[in-house]
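Please go over the structures that come below.
In the two complexes below, chain A is the common chain; its partner is chain B in one and chain C in the other.
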Partner chain A sequence: MTLELRNVAKRVGAQTHIHETNLVIAEGSFNILLGTTLSGKTTLMQLMAGIQKPSSGEVWFRGRNVTQMPVQKRNVSMVYQQFINYANLTVYENIASPLRLAKLPEAEVASRVNKAAELLRLVPMLQRRPHELSGGQQQRTAIARAIVKDSDLILLDEPLANLDYKLREELRDELPKLFAGRNAIVIYATTEPTEALLFGGNTATLHEGRVTQFGPTSQTYRRPRDLITAQVFSDPPINTAKVVKRDGEIVLSERIKWPAGKAGTAIPDGEYTLAIRPHHISPIDHGNGRAMVEGRVLVTELSGSESVIHFDLNGRTWVSQSHGIHPFEVGSTARLYVDVEQSLFFNAKRELVT
Partner chain B sequence: MNKTFDNRAWWLVVPVFLMVAFNALIPLMTVVNFSVQESFGDNVFFWSGVRWFEQVLNSERFHAALLRQIIFTALVLLIEVPLGLAIALAMPRKGPWVSVCLVLMALPLLIPWNVVGAMWNIFALPDIGFLGKLINSLGIHYNYTRQPLGAWFTTVLMDVWHWTSLVVLLCYAGLVSIPDAYYQAAKVDGARPWAVFRYIQLPKLKHVLTIAILLRFMDSFMIYTEVVVLTGGGPGNSTTFLSIDLVKMALGQFDLGPAAAMSIVYFLIILLASWLFYTLMMRNEAR
Partner chain C sequence: MRKRYLIPLIYIIFLMLPIYWLVNMSFKTTNEILGGFTLYPHQLTLSNYVTIFTDPSWYMGYVNSITYVVMNTVLSVLVALPAAYAFSRYRFLGDKHLFFWLLSNRMAPAAVFALPFLQLYSAVGLFDTHLAVALAHTLFNIPLAVWILEGFMSGVPKELDETAYVDGYPFWKFFIRIFIPTIAAGIGVAAFFCFMFSWVELLLAKTLTAVAAKPIAAAMTKTASTSGYELGLLAAAGVLTIVPGAFVIYFVRNYIAKGFALGRV
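And now, the complex of A and B:
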């Protein structure tokens, strides 16, 4: 009872939009496609849905090969970044439109539309037209249309990207609840690592048309299989440095080194790429196993409760993200404490070493 | 915010005011001037009130020309708008053919109006014109210089050839501005081509279609050059539309008073019709 991509690839002319991909997605699961713009999220979604046909490989759904089956026959619904509704139909008729196409009896249509409208808090707007709604309400209408018809596959292509901050948070809270208890496979594309972490579920990280890792979100985040995955799944960007491990020490340069700690002891001596997430570097020494580094402050971003400090470490720009307000002067030298136990080490092939 | 008031700013408006005055208001006032007075030359005028207006509005000649004009405009709109829309829908959205189609479409619009008239004049001649010869060789007796019906057919055909492109280009611009996601959403929903047209394309084209109809209405209602060159308003008076009649009256007979009155009535008809149409089309937007 799954959706399966078997060696699916998409090439357009000489360009490869999606490299050979194998994915098995369980029914009733919430799955996130995480990647930057143009990483192939939309193409991958469209391949899953049958909006585009793969150049090679097969798509299987519930044990049937559906590669050649067009999207209209697959019971799919989709929500886009733009708020797409029928401009001259009321909200009610917009939500009802997939049911009308499926020729459901009127009573059934009414009960389903009302249920969806209630879930998305659209009941007072049912008789209005899309242009009389706020952006958030327009997108709610589009989402209601997507959930009203009991689709097998619901695709959400950056649905919150065009909403302003407050509405985005509001809908972000509601979305998982809408899909809970349904059998549908939900695929949610986003560029924001934070969004993926908030939703949980499974995450597939995409980079230049390749799925670099797919698995439970927390696992993908904690144990990225390779450096690219770690970089895609980090905001602010993950800090990296070339290091050498020798004599029980992690050496960045002659002056910057620290004891290997538990994480570092497990790996053999040699050259590695070290990666540390910004929130594992703090201006406050929390003790046990932290290494102090000194760096010239380049930029400080202070929000109400958080400080993001960009500093120069041995010629690379590193970022520290920490709670509290730490107003470092630009140009001054900051002392920062690295939680070295959280280090990730990648070998020459950029794979995680454990 | 405190706004600064400086009356010298009015000087900045003066150039625009002068331009509008010279190219619109002053000529219009001249016409108004002639329409309420009688002149026997030498710049001597006598007040005549609304006499010329009464004369024009009661004249059968004006009624006939107005009726011909309305029928012509209605025919032209009925043919050009659906045809233009259909061509725009059939045109490719992507690829190398797009520019070919666009250039081909734009060509008729680039030809001077009197040239269009001259072209069709020769093209449709029964003895030496390609179109005229072709129709006659099919066994249909066709001579637009003698038959009123033939003259109408040629005039409408010429206008369709000349101006459908405008509707096509406007509709095409409207169509390509619809994001792909809309078509995709329709596809996902399983909507048929007719539903895509009815619920996605047509609503999105509402504004450009309004503009297209308005432009075609105004232009066809004022048509002059092409018809004068093609038929000269004939045979008889059968293709004498309002503008042609007006010129005959003003310059042929030198009846400046009635001609001026007719100009104003003519202008008001176009203004009123355009306003009515626009208000009706945009009524739903305001709500």
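And now, the complex of A and C:
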């Protein structure tokens, strides 16, 4: 009872938009596609929905090969980043349109539309046209249309990206509630790692048309299989450096080195790429085996309760993200404490070791 | 402050002068027109208009013109809609060249096509029919309509199409129920330009007709009749020729502004 992509690939001309992908997605699950713009999120969703046909491979749904089945025959719904509604229809008719096409009786249509409108707080707007609504209400209309017909597969392609901050938070809270208790597979595409972490569920990280990892969100975050996944799933960008492990020490350069600690002891001596998330570097020494590094401050971003410090470490730009306000002068030398136990080590093939 | 209005005022007077003079003449008798310079009709007469509305050789000119113009507009827009959709939504071999070639049809003077059309239509028995003129004008109007509509269609995100398919709309249902209403403004603009070009085009319309489908513009070229010069009558016909265009412009003026904003037209 699942959606399965079997060796699905999409090529357009000489370009490969999606490399061979295998995914098994369980019914009733909430799944996140995480990747930068142009990483292939939308294409992958369109392949799942049947809006595009794969160049090779098969799509299976509930044990049936649906690769050649047109999108109209599949029970899917989709919400885009742009607010897509039928401009010539009222909000009511917009929400009702999938039901009308399914030829449901009028009473059933009315009750379902009203229920969806209530959930998305659209009841006072039902007789208006989409262009008379605010952006948030337009997107709510699109979401209502997506949930009204009990789809098997609900695709949400960055649905909150074009909304302002307040509305985004509001809808982000509401979304999982809308899908709770349904059997539908929900796929949610986003460019923001934070959003993926807030939703939980499963996360597939995408990079240049390749799914680099798919699994429970927290696992994908904590144990990225390779460096690319770690980079995709980190905001601000994850800090990396070439290091050598020898004599129980992690060595960045002659001047910058620290004891291997628990994380570093497990790996054999040799060359690695070290990756460490920005929030594991702080200007405050919290003790328990943190390594002190000194770097020239390049940029300081201070928000209300958080400091993001970009600094130069051995020729690389690293970022520290910490609570509290730490107003370092640009150009000054900052002492920062690295929680080395949180280090991730990748080998020459960029795979996670340990 | 008065000076600010002076230049626009002069400009408007210059613009309106020929039209005023035409309207002025249409209410005069031919004698008064030829008799001397008068700023307004001293002997106001409606006889010119009465003649036009009662004499079939005059009013049938309008009927003929409107018939082939409407036929042409409907035909052009109907054919242009699917073509524009294809240009806007699909990439195919040589699509850009084809698009430009279509447009280049508008660059040839109508006179170039007058002879081949005349010969062809005579051969297939279409000569002196409304359809002949309507078809001849599509040569210019379909490319124009495709070009205008393609601009409007490309302004509609393709995600709309996809959302409709996902919701279960078959292609044609989507096209007619959702897409066409969405680009209604564009269709209005395209229809307006087809109407206008067909309405003012004289050469082909005159060449391809004799009696049965003779357009008003051709009727107006018979300046002299058995009763001598009939300048008042011609002026009245001219006024009535401006009216449909002005009428159409009034209704589509907002859409045209939109068309300009979208970078087409």
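Keep in mind that, in the parts below, the second predicted complex is superposed on the first by the 354 of 354 C-alpha atoms of A that agree within 3 Å, B and C clash if a C-alpha of one lies under 4 Å from a C-alpha of the other, contacts with A are read in each partner's own complex, and residues count from 1 in each chain.
Here is the rule we use: a residue touches a chain if its C-beta (ideal position, glycine included) is under 8 Å from a C-beta of that chain, and two chains touch if they have at least 3 such contacts.
All values derive from a computational prediction rather than experimental measurement.
Aligning the two structures on chain A places chain B and chain C in a clash.
With both structures placed on the common chain, the touch criterion links A:87 to chain B and to chain C.
Once the two complexes are overlaid on the shared chain, A:22 sits clear of chain B and of chain C alike.
Residue contacts after overlaying the shared chain place A:78 against chain B and chain C alike.
Note: residues 46, 49, 51, 71-72, 76-78, 80, 82, 84, 86-89, 97-98, 101 of chain A belong to the chain B contact set and to the chain C contact set alike, using the contact criterion stated above. For chain A in complex with chain B, the residues that touch the partner chain are 46, 49, 51, 71-73, 76-78, 80-82, 84, 86-89, 97-98, 101. The residues of chain A lying in touch with chain C in their complex are 46, 49, 51, 70-72, 76-78, 80, 82, 84, 86-89, 97-98, 101-102, 142, 145, 149.
Remark: chain B residues 179, 181-182, 184-185, 187-191, 195, 199-200, 203-204 touch chain A in the complex. Of all residues in chain C, those touching chain A in their complex are 157, 159-160, 162-170, 173, 178, 181-182, 184.
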